[in-house]
Amino acid sequence: MTPDDRRIAMRLEAMLIVADEPMSVVNLATAVGTPVPAVRVALQALRADYDGEADGPRRGFELREVGGGWRVYVREELDGVVTEFVGSQAPARLSQAALETLAVIAYKQPVTRSQVAQIRAVNVDSVVRTLLGRGLITEMHSDPETGAMHYGTTSLLLQKLGIDSVDELPPISPLLDDGADGFEGIDGVDAL
Amino acid sequence: MTPDDRRIAMRLEAMLIVADEPMSVVNLATAVGTPVPAVRVALQALRADYDGEADGPRRGFELREVGGGWRVYVREELDGVVTEFVGSQAPARLSQAALETLAVIAYKQPVTRSQVAQIRAVNVDSVVRTLLGRGLITEMHSDPETGAMHYGTTSLLLQKLGIDSVDELPPISPLLDDGADGFEGIDGVDAL
Amino acid sequence: MSTDERASGEIDEGGFRVSLSNFDGPFDLLLNLITKRELDITEVSLSAVTDEFIAYLADLGPDENLDEASEFLVVAATLLDMKVAGLLPQGELVDAEAVALLEARDLLFARLLQYRAFKEVSVWFADRITREDARHTRDVPLDERYRARTPELQWTVSLDDFAAIATLAFAPREIPTVGLDHLHAPQVSIREQAAIVVSALRTSGSVTFRELAAGADGPGVIVARFISILELYRHAAVSFEQLEPLGELTVRWVADTWSDENLATLGADYDT
């Protein structure tokens, strides 16, 4: 492998490690500033490398061409390790913090993480991840200006609560003097 | 490297590739079913491997120990390649007041707001609120007598600073040692 | 530019200078010299620094960037603390033991240097955060298939429970503070207290502060008497003598000319 090949491989690795969906060869070529055919060759070489077919060892991850793009995945034979760990980490019940965050999102949706954090006066990043993972909330749209993601609740939550729509959420009492201005747009609350 | 070492390394790679936050050595040890010391050794070896210090080539990604755990990052010299493509937005900057407050809390933790206010000679309530909302500091415990809340820094702050523990904070002006007698709580600084 | 240069450059702009018998220059340089032990802290006259500081504050226009002057807030707060500590030996703003341990001058400089150390290290924080923000980490959502074996979520919250949780979550989470509203401090007139002080001083010529404060009805009155003495000092009507830090403070009447007109304008700064 020439130093130039190695340079391309490193750049590809940098791109592939942050990509959260398969990246097309064309996109990768643009990103690393290398013609498409060379990128194609380099990707094949990386895949063989990770599979232990070059000089190095076989990796715990692999490079797969899926749906017209390339992406790093956990090597299939190791899926069990990940599944088991994820299962052991997920609590069967939601924590109080998770429930409160869920409640804020339910009543204020669509709402960004930082807006929730402001109301709760704590950082809610990991809780939001848990709720996403549990399918109780979902990403709705990102703000065109700031790019901040807005979250809302799912039909799974409605199902758990036994209601058909968020309109059926009970109105909450306006004990919030200054918090009240945060409720514009929520029917039911305005009505109070 | 024994086949057994290789097996551990592959399992670690599988876990690290799915992790969305720094993974503690303990969690990794649980996930791969290997004692902590062996995991620690394996992580060091992987880091050296990715850095091109083993037999293989230098990778476009690297393994970093940050915020109390291990996580895969794009190699710093290649951040430019990724930034252009990902087009990440700059996060909101902290004000000078927030930075100073953060510094006082980092070095003197656990510390109350009034202790911080005394050092900064201004009221720090709103700054503390901001830092809490950003998840950079957290409530640790309240004083059993006065009820005053003590604050400390979070692993998110360590991640933001790119360090693994508060021990890696730079030593602050040695002159502080002198006056320290009169200032309860500076002991932590001496320890640095 | 190093942290040091940046800090001093900034303060130089601020322009607080002191002129002492053994030092003449920017206050920041004075601190630097003390830090590097090129100037003995015990050779610095605290009262001279205080005078210069008050003069500096008086010249500060309303448009001055207070953020840059934050170091001087520390000076001001410390000077005030020392006054309070002298006024109320068991003062709460300063740990009485700390005051006893450190001479007043040491306290001022120790605090300043402490503040400064944190200010300097905050530059490191800013640099690190900026640098780390530019880093990219692998942050990819977990594939659905890994969740397959996740234990079923046990949902035990009823609709009403959920609303109750929402109410709790929306309740303003004020950072707890100790309210001072219940302290209905009666208004104390500095002018009235000054009249009492002036009358006592003109009668005796020289009185200790302890005597002046004796019989005062509550801390507010003591504070007002103390402030009135500071005001009288500004009018060059009194002088002080204090043989040792925190020792007995003797107030002496030195006014050549004094009329009740002076008294009428006294403490006007405190009028609201």
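The first chain written gets the first letter, and so on, giving A, B and C; residue counts start at 1 in each chain.
Just so it is clear, a residue touches a chain if its C-beta (ideal position, glycine included) is under 8 Å from a C-beta of that chain, and two chains touch if they have at least 3 such contacts.
Everything quoted here is computed from the prediction, not taken from an experiment.
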| item | value |
| --- | --- |
| Central chain of the complex, centres being mean CA coordinates | B |
| Chain separated most widely from subunit C, comparing mean CA positions | A |
| Subunit B and subunit C: spacing of chain centres that average the CA atoms, whole Å | 32 |
| Mean-CA-position distance for subunit B and subunit A (Å) | 22 |
| Averaged-CA centre spacing for the pair subunit C and subunit A, given as whole angstrom | 47 |
| Residues of subunit A engaged with two or more neighbouring chains | 14, 17-18, 73, 82, 84, 86, 121 |
| Contacts with two or more other chains, residues of subunit C listed in rising order | 136-143, 146, 175 |
| Subunit B residues touching subunit A - in the complex, by the definition given at the top | 1, 6, 9-18, 20-21, 27, 30-32, 55-61, 72, 74-75, 78-79, 81-82, 84-86, 89, 129, 132-136, 138, 154, 156 |
| Parts of subunit A lying in touch with subunit C, wherever the complex brings them together | 14, 17-20, 73, 79, 82-84, 86-87, 90, 92-94, 99-101, 103-104, 106-107, 119-121, 132-134, 160-163, 168-173, 175-179, 182 |
| List of subunit C residues in touch with subunit A within their complex | 136-143, 145-160, 162-163, 165-173, 175 |
| Interfacial residue positions of subunit C with respect to subunit B in the complex | 35, 67, 70, 73-74, 76-78, 95, 97-99, 101-102, 106-107, 109-111, 113-122, 124-126, 128-129, 131-143, 146, 175-177 |
